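One structure is given below, represented as structure tokens, and several questions about it will come after.
Every chain is named by a letter (A, B, C and D) in the order it is written, and numbering of its residues begins at 1.
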Amino acid sequence: HPSPLTKARLPPMRIRLLYFATFKDVAGRDSEERQVAGGAKVSDLWRDLTREMPGLLKTGSMPPAAVNREYTGPETVLADGDEVAFLPPVAGG
Amino acid sequence: HPSPLTKARLPPMRIRLLYFATFKDVAGRDSEERQVAGGAKVSDLWRDLTREMPGLLKTGSMPPAAVNREYTGPETVLADGDEVAFLPPVAGG
Amino acid sequence: MYLTDAPIDFAALLAAARPADGGVCTFLGVVRNHHLGLPTERIAYEAYGPMAEAQIRKILDGLAREWPDAQVQVRHRVGVLEIGDVAVAIVASAPHRAEAFAACRAAIDRIKETVPIWKREFHPDGTSDWVDPTAGSPPG
Amino acid sequence: MYLTDAPIDFAALLAAARPADGGVCTFLGVVRNHHLGLPTERIAYEAYGPMAEAQIRKILDGLAREWPDAQVQVRHRVGVLEIGDVAVAIVASAPHRAEAFAACRAAIDRIKETVPIWKREFHPDGTSDWVDPTAGSPPG
């Protein structure tokens, strides 16, 4: 019988990741193309990023995230071509 | 024995009375010099005026009054030389 | 002098905000083309001038006690105004926006309640009325 | 376009009030010379531009549902601003002042809460900080 379609079986995806303000300072860049595992969620991406750049954690827990320019939650599953940003505390006005 | 100093014994006073807005329309003038009895209160003046010009009563009971450019109550006793105005509902802004 | 028969120089009021002020809340009362369902063509504002000046001064003194960080400025037109003309301008500036909003709102509310200014509305049919805010819908 | 790297033309925003509007409440966020007790020399505003535009649009749509009589306009600067420069301008006009004040206040509150704009403050000693409104006193 066929095996279930598991997360591991999904092909990897490419997303565009944007950095702003203090996160841009930590990352040393304002954007990057990045490969993520098929089926990865926003929270998975944040976990990976903070392992690479612990400096991102200075804002504490996962900051607000945007996918394709809309606020979204940590459980959102990413799709190929998504534009993703984690947002430091906003300070407009 | 001396008689008490009653209201009737006080000399008459002259006041300056100002009319604004709808009261000016009713009175047909914007100001007048007026003689009032010694010891007269603001409420006495209003009673006299409304007897002469019942049209003033269209705003109902005694409107806010000002003596010498300050809001005051109906029991205030007038003094010679006072500037007095009864104020229709204000509508600035 | 808070009353003026010349157009209000709003830019000059704004320019008075202090370098420490981060929030500026303003209110402009503008002559609108209707009131209580009737069309308005223009409005004549009449004031008990010296008392109106004194009342506005008192209101500003009260605001300064309640919101000591706010600086509030007021100008009110008298005379004949056309639709779109600014009848009253309030500029409240403060380090933070909460005080600026509160002081600005209190300023216009108190001015409308207590300052001896009246307005006669002229309608397109040639009639006119003294506006009585105590008689109908809330004023603008 | 709600974001601009040029000075905000406040007079043009004001001129958009409609003939039926009797009350215009505005808010100007101005670069002030201090924050959390530290002197400020200038501020650089950075935005996630396309998302900021979309967020402001959403905020305005929400305001239009809550205060259908109010018309609200927004402009926000990006780039380097000096003390006294206007960083954000809100103009809310409505037939009556209550809606104008409410819509104006809600506009600036929501913009400060959710629009992806950041500011880096430069101090006279050459240091700079990204402002974190969640960390200290309320912003202006």
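Just a few scattered comments:
Throughout what follows, a residue touches a chain if its C-beta (ideal position, glycine included) is under 8 Å from a C-beta of that chain, and two chains touch if they have at least 3 such contacts.
This structure is a prediction, so every number in the text was calculated from the model and none was measured.
Counting only chains that touch, the fewest steps needed to get from subunit B to subunit C is 1. We define each chain's centre as the mean of its Cα atoms; on that basis subunit B and subunit D are separated by 51 Å.
Look at where the CA atoms of subunit A average out and do the same for subunit B: the two points lie 76 Å apart. Rounded to whole angstrom units, the spacing between the C-alpha centres of subunit A and subunit D is 28.
Averaged C-alpha coordinates give centres for subunit C and subunit D that are 23 Å from one another. In subunit A, no residue touches two or more other chains.
For subunit C, the set of residues that touch two or more other chains comprises 29, 108, 139-140. Viewed as a contact network, the protein chains form an open path, each link joining two chains that touch.
Subunit C makes touch with subunit B in their complex at residues 29, 45-48, 50-52, 54, 76, 87-88, 108, 111-120, 130-135, 139-140.
Residues of subunit B touching subunit C in their complex: 18, 20-22, 25, 59, 66, 69-71, 85, 87-93. Partner subunit D is touched in their complex by these residues of subunit C: 10-11, 14, 17, 19-34, 83-84, 93-98, 100-101, 104-105, 108, 138-140.
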